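Each of the next two complexes has chain A plus one other chain: chain B in the first, chain C in the second.
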Partner chain A sequence: MKAGARVLLLPAAALMAIFFGAFLVFAAVGMLSCAPGTPGYSAPLTLGNYLRFFSDPAGLRILGWTVVFSLSLTAATIVAGYPFAYLIARTRWAWVRNLLLGVLLVTFLCGSISRAYGWLILLGRRGLVNEALMWTGLIDHPLALIYNVSGVFIALLHFTLPYFVLTVFGAIRAVPSQVEESARDLGASALRVFFQITVPLTLPAIVGGATLAFSLAISAFAFPLLLGGGRVRLISNYIYDQLFVAFDLPFAAAVSSLFLLVALVILWGFFAVERWATRAVYRRAG
Partner chain B sequence: MKKQLNASLMISLAAALFSASPMTQAASQEIAVMAWGTTWEQGLQVVADKFEKQTGIHVVPVTQSGSADGYARLQSMQDAPKIDIWFSTSSLAARVTPDKKLFAPIPDAALSNVSALIPGAKAPTWVAAYYYPLSIIYRPTLVTHPITAWADLWKPEFKDSLAVPDVQTYQARMLMVSALTHGGSIDNVDPGFTALKQLRPNIAMFYGSDSDSRRALAQGEVSVLIGPPSQAKPLSDAGVDVTVVSPKPAPVMFDVMTLVNTPKQAMALKFIDFVLSAESQSTISTLYNMGPVNHNVKAAPELAAVLPKESDQVSFDEAKINDHVAQWNERFNAEISR
Partner chain C sequence: MTLALATPALELVGLRKQYGEHLAVGNVSLAVPNGSLLTLLGPSGCGKSTLLRMIAGFIRPDSGSISIEGRDVTALLPEHRPTAMVFQSYALFPHMSVFDNVAFGLKLRKLTSAQLRAKVEATLALVRMESFAGRYPAELSGGQQQRVALARCLVIEPQILLLDEPFGALDRHLREEMQVELRKLQRQLGITMLVVTHDQDEAFILSDFVAVMNGGRIEQFAAPADLYDRPATCFVARFMGIPNLLPGAVAHHEGKLLFRHENGECIELNHGGGMLAGEPAHLALRPETLRLVDPVSEHVDLVGTLVFATLIGSRLQYEVDLGWATVQVVMPRADQTWQPGEWVGIAIDRRHAIVLSA
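Presenting the complex of A and B:
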């Protein structure tokens, strides 16, 4: 690398150093101890908080549950988002594409809090969904769609969907329609073309979109707080409790650091899958 | 020489203009008060406006979502706090105000209304702004029978109908009520946890935010809300049918004012004293539905009707609450709200 190129890298390197420096400070705070009876903290440095988390079944359960919940949500985002992205990319009518893209953009423009309150009104016991189901006679009593996992899941799916769809939409558009047409001309069914041509060619984008969806899901805080009714507790809510109920900043910092490590390892797994998918696609293409 | 003279003249002129500017004067004649959004909206803003009219000291309202959130902000600015008075629960105040760097003592001599305070409303580092019981607020049109006792909440007819504060909200008082009504105490909370487990089918939501729980009651998501009478006030003002009862045992709590260690302590103390005055206490009681801490003030009739009798009131050792609340919170999350 030329010296000029190295200089150009400096701003980005400085920015990354600041971000990771902040993380390291947090990791170091995790080695302090909470001063008994006060919200303060003090030396000496120990690994006690890190070890305490690994010996706390409740904390480990919440971390495990957060990972499972986030992976499930990522899978749901792929299942719901890919057909949506495909429809936008492949529709013959420009107005349908523009309409659907417009809907996605409007969703982006709404803040997460207003979206959460929107879902509270829609999914509530006296909300539109329950009223419609009762009116059609499909149910006798309102369904419990909020203040539980289902409400949080639906709202978070709505939150992650635009990120995934917009990531994958471009990749689907980039697949030449002639390739799909050729396969159809050679006798492949529409379903076979979809699964053996379109999906493999867009696999790197699917993994990229899924990575985004997973990152958003695993760090969710407001949706579980507002729609979980106190019953859905992800790791971010657990960390919040350590800060604002137990006033144990060092322990909260230690849990945050461990949580970040776990998230980074899983994200590294996503990137590994993405690399493998990209290589596989190129191999197939010769 | 002429240039130097001109420069120094300009600097002096600028300094004079700056020192005399209305902005500088305004900044030196203002204090920042951090309290909950609901507190500001329902009563404190009116008090602050009157204070400004009388003293010329402008009160800048700063909102906090919870007192723990407010304290976190104070901690982050502890070298140069920009808040002069911080409203908190008495539990949290008892826990954090021994920090002499961040908080200043509130001398009795600085408060002309100190002799009018009800017992327990003043500590060396905080003074209560109002008191409130933990009550039951319900929609009479959504329940089949009127609620008269805590035990009613455990009836099957309230399945999926209750909004209950979580342990950190109202300083674990729901757990205390559950313990006291089932043979336990602050030193033996096991019966309380067992009873809350039995109550689970009736609980639609555990809340940490007053506004969320009020919205749920207003929309009919829940028909019963456990909280202070002040929660009912905006609903009844908006025409929602609500009834408040404060059965025995009725935990009574204070929300308190603390004096942050800033150079504006003299002005801040004036405001604290103003809040304790009969006029302000009457305003808070009428508009915010909170009990007055000035014994010369009678609670507003609407509030007086729902305040618990003195013999029904219970209070708890805040130090014990502080010592155990984190542990209770984890147990609550593991056993009750999961």
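Presenting the complex of A and C:
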């Protein structure tokens, strides 16, 4: 890149610097100490807060659990979202496509809190889901679907799904139907065409959508708070507690910084996979 | 020849497909002899691609049946039919190398990896693409992509090879080269092929038989030469590039067969296409079989005013206004030149005059 061109990047770089500056403030505050008896903090600089987190098994367990939970949720989003996206992309009827896209878009109109309360009603002991399952005779007693992991998982899946589906749907539409047809024509079953042609050709979009879903899942706060019943705590809830229960601002900042670092490393992994997939699929194309 | 007695490679009986009000394919029946190349020729929207996709199994017919080598395949899915199709867009798998593209259909069969490799390489050699096995579709030219698409189909040894506008995306020079190459390959392998095209010249270069389609129906099924010499309908005549279709009726007079044109005058004919007297008809005249003559000579069949003359290479194309119709005449440039505005006569070569039902 020429020097002149670099100058043109300056405004964008300045804008980004504001956002990254905020993160640096976090990292810096994490190096201060809590002033006992007050919500404030003071010098001297210390790495004590960071070291404290690493020596706290409970905190580490929550961080590890958050990562595992988010990765499982991402996997579930792919498994549930891809067929959904495929249906929207390949349906013969325009009204089916429009209806399903409409349903997806409507979910964006609704905030997390009201959505979480909605799930409380739907998944509760006497909620619609349990009533329906009891009525069909599949279960004798209501399932515990809220105030535990399953409730948080269901609600978060519903939250990440539209992002994934909308990302992947366009990519599926971009695969020419003739390419799928020619595979059928050469003797491959519909299932084989799906796994050997459609899925590989949309792999970059799948990884892209999964990256989005993972970012949303790992930073989830309201759903575990409201639907977890205090039993499901993700790292954001842990940080929140340090801040508003223990009033330990420097420690909360330190954990936030560490959490950001972990999230970035995992996201970097996602991006690496996406780059690899894009190269493998569109090798030297164009 | 036992050709007519043998089971046809492909037999269609009463195929029909309707989309709402639009009849895409209406009651099509035909039989394709083993080892021959049939072209479905017609303008866009005539139903030829729909017919091809029905044979491949992508479209389910409303009624009728499709048999391949005597076996009814109407109810079979595309993957279970012994057909392979070369798509107009080639539809190569962009994430697979040339080798893997060709190997795709073979991998579904139980072959050792050595057998598979040998078959793929032999087929790539057949289409002269053996040195491109490691490349990806995006790295190939249009003509090369087409060879790969062809190899991908040939390697699974289909009983019928279907080609949908196979040369439509190629430039003219390459198109002509590939047409000849496909024809040689077809002769060499003896494989039955069905080609969809809208290009009359292409149909003539490639085919043993041509089925001209219009409005979802087959207008005429014939060998290319017959189609050229004896079009069966006005549509086919026009599609075969005969611009002169004079309206009139067939008449008989004192044992002679006559064509009475709209002006009331009669032209004596050699044959009348089996038509009854009084039936409305068209007289199809190729411009090359007509001659401009002195309007008062004894050979004159039609008279009119020469309105236009265009030079096309070694020949001149004349446009003559008869008052009730316009006629094109093409003659060598060396012959007597006529000037626009002149009153001229036209002589018809009776061997090439064709009477068609209106």
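Here is the rule we go by: the second predicted complex is superposed on the first by the 274 of 286 C-alpha atoms of A that agree within 3 Å, B and C clash if a C-alpha of one lies under 4 Å from a C-alpha of the other, contacts with A are read in each partner's own complex, and residues count from 1 in each chain.
As a working rule, contacts are C-beta pairs under 8 Å (C-beta built on N, C-alpha and C of every residue); 3 or more make two chains touch, one makes a residue touch a chain.
What you are looking at is a predicted structure, and each value in this text was computed from that prediction instead of being measured.
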| item | value |
| --- | --- |
| Chain C versus chain B on the shared chain A, clash or fit after superposition | fit |
| Chain B versus chain C as contact partner of A:R231, first or second or both or neither | first |
| Touched partner set for A:F244, first chain B, second chain C, both or neither | first |
| Contacts of A:A280 with chain B and chain C, given as first, second, both or neither | second |
| Which of chain B and chain C A:V265 touches, first, second, both or neither | neither |
| Which of chain B and chain C A:L138 touches, first, second, both or neither | neither |
| Touched partner set for A:P176, first chain B, second chain C, both or neither | second |
| First (chain B), second (chain C), both or neither touched by A:L191 | neither |
| Touching partner for A:R126 - first (chain B), second (chain C), both, neither | first |
| Chain B versus chain C as contact partner of A:L109, first or second or both or neither | neither |
| Minimum distance between Cα atoms of chain B and chain C in the superposition (Å) | 47 |
| Contacts on chain A seen with chain B and repeated with chain C across the two complexes | none |
| Contact set on chain B toward chain A in their complex | 66, 68-69, 71-72, 75, 95-96, 98-99, 160, 166-168, 204-208, 212, 215, 219-221, 322-323, 325-326, 329-330, 333-334, 337-338 |
| Contacting residues of chain C [partner chain A, same complex] | 56-58, 77-80, 83-85, 87, 89, 91-95, 104-105, 108-109, 136, 138-139, 149, 152-153, 156 |
| Contact set on chain A toward chain B in their complex | 37-40, 58, 120-121, 124-126, 144, 146-147, 225-226, 229-231, 233, 241, 243-248 |
| Chain C-facing residues of chain A, complex | 176, 178-179, 181-189, 192, 197, 200-201, 280-286 |
